[in-house]
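Structure provided below as structure tokens; questions to follow.
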Amino acid sequence: MRDLYDRLKTAFPLGELTEQRPDLAFVTVAKEQLRSLLLHLRDQEGFTHLVLLTAVDWLEEGNFQLTYLMNNRLACRDLGVRVMLPRDPASMDSIHDLWPTAATYQRELREMFGIDFPGSPRVDEDFILEGWIRTPPYRRDFDTLKFSDEVFAPRPGRASSDPTEFMKQQLYPDKT
Amino acid sequence: MAYQPDRSQYPSRKPDGSLDIDLSSGKYLKLWQGPQHPGITGNMSVELTVCGDEVIEGKTHVGYLHRGFEKLMERRTFIQCFPIVCRICVPEPDFNEYCYAAAVEELAGLEVPERADWIRTLILEMGRINSYLMYLGGQAGALGQGVIGQWTTYVRDLMLDRFEELSGARIYHMFIMPGGVRDGLPDGFDQRMEETLREIESTLADVKDVMFTNAVFKKRTVGLGYIDPAIVDQYGVTGPTARAAGVAKDVRRDQPYLVYPQLDFEPVVGQDSDVFARADVRRRDLLMSVDLIRQILARMPRSGAVMAPLPNVLHWKIPFGETYIRGECSRGEYGYYLVTDGSGYPRRVNVRGPSYTHAMALLERLIVNCNISDVAALMVSLHTYPPEIER
Amino acid sequence: MSLSDVLSPFSAWKNLFRDPVTIPDPLNDRPGAPRYRGFHQNDIEKCIGCGTCEAICQNAAIDMVAVAEIATKPGDSGLRPRIDYGRCCWCALCVDVCMTSSLSMSNEYKWVDHDPDAFCFIPGVDLKHWDSSELGYRRPEGHRLTGIERVAMGELEPEVRADSFVEIVAGYDLEQAKLEADRCVSCGLCVATCPTHMAVPEYIATIRDGDYEQGVRLLYQTNPFSNVCGRVCTHRCETSCAARHEGDPIAIRWLKRHIIDQVTHDRIKQIAAEGRVSKPSGHQVAIIGAGPAGLTAAFDLAKAGHGVTVFEALPAPGGMMRYGIPEYRLPYDKLDEDVDVIRSMGVEIRCNTRVGEDISIDQLREQHDTVLLSIGLHQGRSTRIPGSEHEDVVSAVELLRRITFGERFDVPTTVAVIGGGNVAMDIARSLARMQRQQHGQVGVTLVALEAEDLMLADREEIDEAREEGVVIIPSRGPRQCLIERDALTGLETVHCVSVFDDQGRFAPNYDDSDIQIHDAGLIVEAIGQAADHAFLGESLTEALEWERNRIRIDADGRTSESWLWAAGDAVQGPDVITAVAAGHRIAASMMEAFAGTSAQTH
Amino acid sequence: MSFEWIKIPYALLTLFIVANYGFLLTAVMAKIAARVGRRHGIPVWQNYVDLIKNYGLRSSITHGVMFYLGPVFRLTGGVGLLMFVPTIYGTEMFSNMSFAGDLILALYFVFFGSLGMALGAGESGHPHSAIGVTRGLSQVTAAELPFALAVYAVAVQYQTLSVTEIVAAQQGGILHWTLFSNPLAVAAAMLSFLGTMMRPPFDVVLAPQEIPIGPPTEYHSSYLALMQTNRAIFPIAKIVIYMNLFFGGAASWPVFFLKVFLIYLVSVIVGVVFPRFRVEQSIRWFLIWAVPLGIAAILMV
Amino acid sequence: MKDDFPTPPVRDELKKRVVETPDGQTIEIDPLRDYYCQSAPTVMPAAYSKIVEGLFNWARAESLWILGFGTGCGAIEMRPLMTPRFDAYRYGIQWRPTPRQSNLFVISGYLSVKTLKRVIRSYEQMPNPKYVVGLGSCTINGGMYFDSYNTITRLDQYLPVDVYIAGCMPRPEALLAGFEELKRIIRAGKAEGANQYAEQFDWYKANQKRVIHDWDMPDYNW
């Protein structure tokens, strides 16, 4: 992986290489360089298979991390390309013309994270959710339990006691 | 022999590239296949625009089974995620358990005992057989041949019995845990497994006679749903679907995991890349799994630990890191992308199910110019399970 | 396409002549596999209601609820898990994590009802037909989700420690402490058992997080003697630890010591002072005796802004912690650190001031709003057997006090110790050390009335004492001290058949035919202690209510005199942590009393 | 020719026997097919239970008059077919209302039901119904063509259009059956028979995996019960024609039951083991294989 | 709960529009209003004669036609049920591909909001009397998706349920036990879910509308 990194480094400004396994590494690239890097990887380096495209919400830093995982199936190794995006407003170039499957990933990211991919086919259509009007659910600031309790109303009649408190009450009733 | 439709009826395209379909002209009909439709795999739907019997545009609609696993896992501890992951894919849940466990083990630095690796491999191959049996019944069923489904579901049930005695559950086994597996094999398991394998082989021989050596089946499937080997990577096609197109992709061999390097096998490859070829590749792959199980049972260690010592799981924290674990499931490449941030909860989990690419982009491409009657067969031939698309 | 393609499918018809594979009666013919994860069973006698199942359940399917049949007692919360089958996913993590293996699963799997609210049940309490099922999922051998073995504590080897008063226990290092803290399941069963209700799960969590300052903060909320308790506490918490059922209990005491060892003394002082009321309230409190009860009360009161003066008869504060516990168990500098923190709250400790001699109790009463009596048990009890009035027959407390003073008196080559409690062990081991220093060999014989497994001393004390060469002989009652020509030569004992009678009263039963003689140039009596109440004066002694030689107090530690509180060993029995708890209670009680009145002017 | 009123109760009795036999026979066939799938299958009385259940459903909504008439027409087709064909040859009681030209009438009734269904299903407004109906009509047309040719061949062979007379001509031994005197016509007709029994490989009309259940998608409660009744009567009626035309008819009920069973079984034997054709494949199949046989049969005669 | 995230624009085809009918009237159409589901079903009385109703109930119990709609993961155990091992056909149970011909709706596990919408439509299309069986924990109290933003937790809020089967997932045998229980209820004449739905239509509808915001659906097939 290191040799590949050194090769890429001459052409692209890359962040540090994180070698997770001998056949898997991650590298960070600026938003603007992503497209040309992916093209280079696909056409020159044999990384023809886009394994996945997903996002990680680093809420505390105010960033989204997009991970493009590329696979070179002849060399049997993977390279994860990370792109950091500002969280609000989040927008990224579409790569659906490089891999038609990317359009699906981008639709999902649009719906679940609220990351826009202008020009991607059907990107504004409902994908998985239907009639969703709240914060995109995969964002870290969306509290799913709270939402569920309010909207779906769990069955009443459940209550639990904390052993510590309960024992204090039972054993030392006057010292609560 | 690729299917060559008549394109003269094709609607013209608008400047933005979309099809110019005027429903009010009466020439076209919107037809929804699913979610409540016997010709659909699981709970999903395809919105067809048809002209006569020919489909001119198809859009996959998913989300009927969306439970938000990736979100739910962010608020469950690492051990609490373990029972939930298998629900992502119902017919072959074990891959979720394995990939998740392996990802956690890698980031937490756990060393899994060798015996556990063998048992895991055994379970994965058993799950693969189950999944293929279900597919074979579904593929024949989609063409109206119900009897295959009766036979394969029966032998699949026998395999579920083996799962039940091994793991304590029929469908959601929850047996592969981060750290290893829950328990060793029960007494007499080998012998009963051998009986089951023999039953499977004899059923498969029948299936070959009745389904694969069948004039009508061939007539329906040969040439249907041709996938050009050139678009395999473009569309993220993996697994038997890719192998049927002559692309010998098999994670078990390419990036071996568990004990696959110690087993003797060669990926099954087809040529014609149509529905028949895909069915045939899966049938042969199934037989290979039967053989692999025999190899595993003959060679696995019979004693030793099956679990690595875990830290106290109630407050198990995993340091900062990210990784991707892949495995070859019956439908293709199954993978887990796990990001941890040093807390007791995963920062982000992304599940890459093979159905995700197969059922969306690929199906939408293949479905064009296909006959309405063939939609179900085509969709089944891609072997998609909706819950792993939307998770 | 060939002819076989047309004909071959018809081979399917051969099945017409095979028997169907259908199960005749699937509702009754199909028990789940032996490992099947079916409906829950719970052995409610074994269950301790620790709630670990609730904690691990990712579906929030388990509630801990009170059950009428089960009483709360130390080590058993009295709660039992109630499972909501509207949530459960049968993953069996609750079975895997169960601390007592009480929870398991049967192989039954059919439950149908038209009422959705019927699916909540308490296994083992709400009786079900599968309760007695033999088959089903049990936790496999060796499959544990929490650690079971305690991290071994580094200790001095017997040959190293046997002639030295250096502290035996090394304390955990960071790695060990993290590992040990990791075993805790945070159930909190220990909290109620601890007399002062220390927030055990929380402070153990601070070790895992590495946040030791928070740990110290938590410790000081309930116990200003963490250095002491981290070493010599009777750790009753560990007897109710959920982990003890299938492994070793968490080393709560050592973890406490670990926390306090990680923070510098100055920082501890700062943390302890957090929340201190700097403005004097004007109330004055006198405390007689600088033991754990008195100093704890002093700490609380001073922190709340009250003026506190502690009167201590002996030269240094600490009471029994200093004069009763040998240095190899509790180094004096550690005790000094704890006392120093208390002093830094503004507590004035007057040592060498014996109430009744240097200052009268009436003076105290005049000069202060309230007085606390925490004098401890500093007089040894005597067996009163023939010869026990000999000058070489001494009480253990007295001897321990002399050792603490630094007296290195001559120890004869043979010593007999009477008693089976921790004090007996302390003196036996101390004397053994001195013998080794003076003679190079040990000649201590310890005779205890109780049988080996009923001895009051901690197990590890007995074991360590043996390692150091003390000969321990259980089930022997002292008969007489043998004196030849005014010199003590030995102790005669008889076999004790039983210690208590049927009603549980102390009534030893001896077998007179079994007599042994133990050579002894010194006999130490360690069969109990008493308090010296002489200083109270006649009128006050008359005025107070008494109960079996102890001053009667209420739950808050008040005596029958409104200005006088009493606490500590003298009223409650010998135990540091109980004394600390009493100190807190009394401080709170006094402050409650102050709340109604304005400060006296002195 | 005077009309004998006693024929009406007799015909109703025939209808009753045939309907019950139809219910039981379909259940038995389901059980046989189930055995191939290695299971037991439905109880033989299941069809009756389903029928009562469907009549017992409380709600029944309609999509218009034709929707209501669809099942009625369908049943009329089945009953009519039966009524104008002699069920048991040579008995006064069970030869029904057969007249001289009843072969043509019978052919008409075969189509009548499908057309009625087409109207009704079209009215229901469900696209899958409409697709099913168009499929049904094209399939019926293609499948009935060889049958019509075979019937023509038989009519030419025996020089009559009366079913009774055709049956009469086949009496006197198994070798007199059309099956042996004109095997090509029988072959063509049997291929057509496969096509009309709604079993694979020719079940394109119902095709559950393609167009859920085709024409009856919207039918429920008593409409469906009516259609179920028809589904019991119609195949039997059709088999009666086949039996009469090609297999020597039946002179008694036991023979009738046996022959109908065996002819029915033919469609099951084929149906269980094959998948389904596409519509155009099935039409092409009839045109390539069955129609030439029919033409050859006529030429042979 | 109010979120600050901006509401996405309404799709064009979902906007209200005015159309002119062939006979010259102008009417306003609101695609988001569910015309189908807003017509309240009526309560259908049982047959007047007790004997007839008894016969019908027996037939209903012995002829359970399940709607072939695998709504959740429990659907995977429906297939063994209908195949050689368990062969539910022998109990009078069979699949129907269309709601019009089904009288039993097996809710196989969790329901996402998107599926719930289709389930309601299908349920309303089924003829009275109709029965609902809730399969697994998810239908009782949310099961393992109790905290999911996209699955309902209590089925009885949205549809009248006759029988619940505990399990995750319940085995085919448990399903059969559930069907036996359902048969018992039907024979006893107690399975009046369809009428209950009609009687409390407003309550059910309000619950449904609380979770489903977008009622746009093609008007057939579910």
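To keep things simple, chains are lettered A, B, C, D and E as they appear, and every chain counts its residues starting from 1.
Just so it is clear, a contact is a pair of C-beta atoms (placed from the backbone, for glycine too) under 8 Å apart; a residue touches a chain by one contact, two chains touch by 3 or more.
The structure presented is a predicted model; accordingly, all values stated were derived computationally and were not measured.
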For this session: Imagine the assembly minus chain D, everything else where it sits, and name the touching groups.
Result: one piece
Seminar exercise, completed: Chain-touch separation of chain A and chain D, in steps, is 2
Exercise. Of all the other chains, whose mean CA position lies farthest from chain B?
Worked result: C
Exercise. In terms of CA centres, which chain lies closest to the overall middle?
Worked result: B
Problem set entry | Per Cα centroids, the chain farthest from chain E | C
For this session: Could you grab the centroid distance between chain A and chain C? Build each centroid from C-alpha atoms only and quote it in angstrom.
Result: 50
Exercise. Taking each chain's centre as the mean of its CA atoms, how far is chain A from chain E in angstrom?
Worked result: 35
Problem set entry | Separation of chain C from chain E, taking each centre as the mean of its C-alpha atoms, in whole Å | 59
Seminar exercise, completed: Averaging C-alpha coordinates per chain, one finds the centres of chain B and chain C separated by a number of Å equal to 56
Seminar exercise, completed: Listed in rising order, chain B residues that touch 2 or more other chains are 37-38, 63, 66, 68, 71-72, 75, 83-84, 147, 150-151, 154, 172, 210, 214-215, 219
Exercise. If you look at chain A, which of its residues touch at least two other chains?
Worked result: 126, 128-130, 137, 142, 144-145, 155
For this session: Scan chain C for residues touching two or more other chains and write them down.
Result: 9, 12, 20-22, 58, 84, 86, 89-90, 116
For this session: Kindly provide every pair of chains that touch.
Result: A-B, A-C, A-E, B-C, B-D, B-E, C-D, C-E, D-E
Exercise. Hey, which residues of chain E end up touching chain B in the complex?
Worked result: 67-73, 75-77, 79-80, 83-85, 95, 97, 99, 110, 112, 114-115, 118, 122, 144-145, 147-151, 168-169, 171, 218, 220-222
Seminar exercise, completed: chain A residues touching chain C in their complex are 155, 157-164, 166-168, 170-172, 174
Exercise. Along chain D, where are the residues that touch chain C in the complex?
Worked result: 32, 34-40, 269, 272-274
Seminar exercise, completed: In their shared complex, chain A is touched by residues of chain B numbered 59, 62-63, 66, 68, 70-72, 74-75, 106, 233-236, 238, 249, 254-255, 321-324, 326, 333, 335, 337, 339, 347-348, 350, 352, 356-357, 360-362, 365, 390
Problem set entry | Interface residues, chain C side, partner chain B - complex | 1, 4-6, 8-9, 11-12, 21, 32-37, 52, 55-56, 58, 89-93, 96-97, 105, 137, 140, 142-147, 182-186, 205, 208
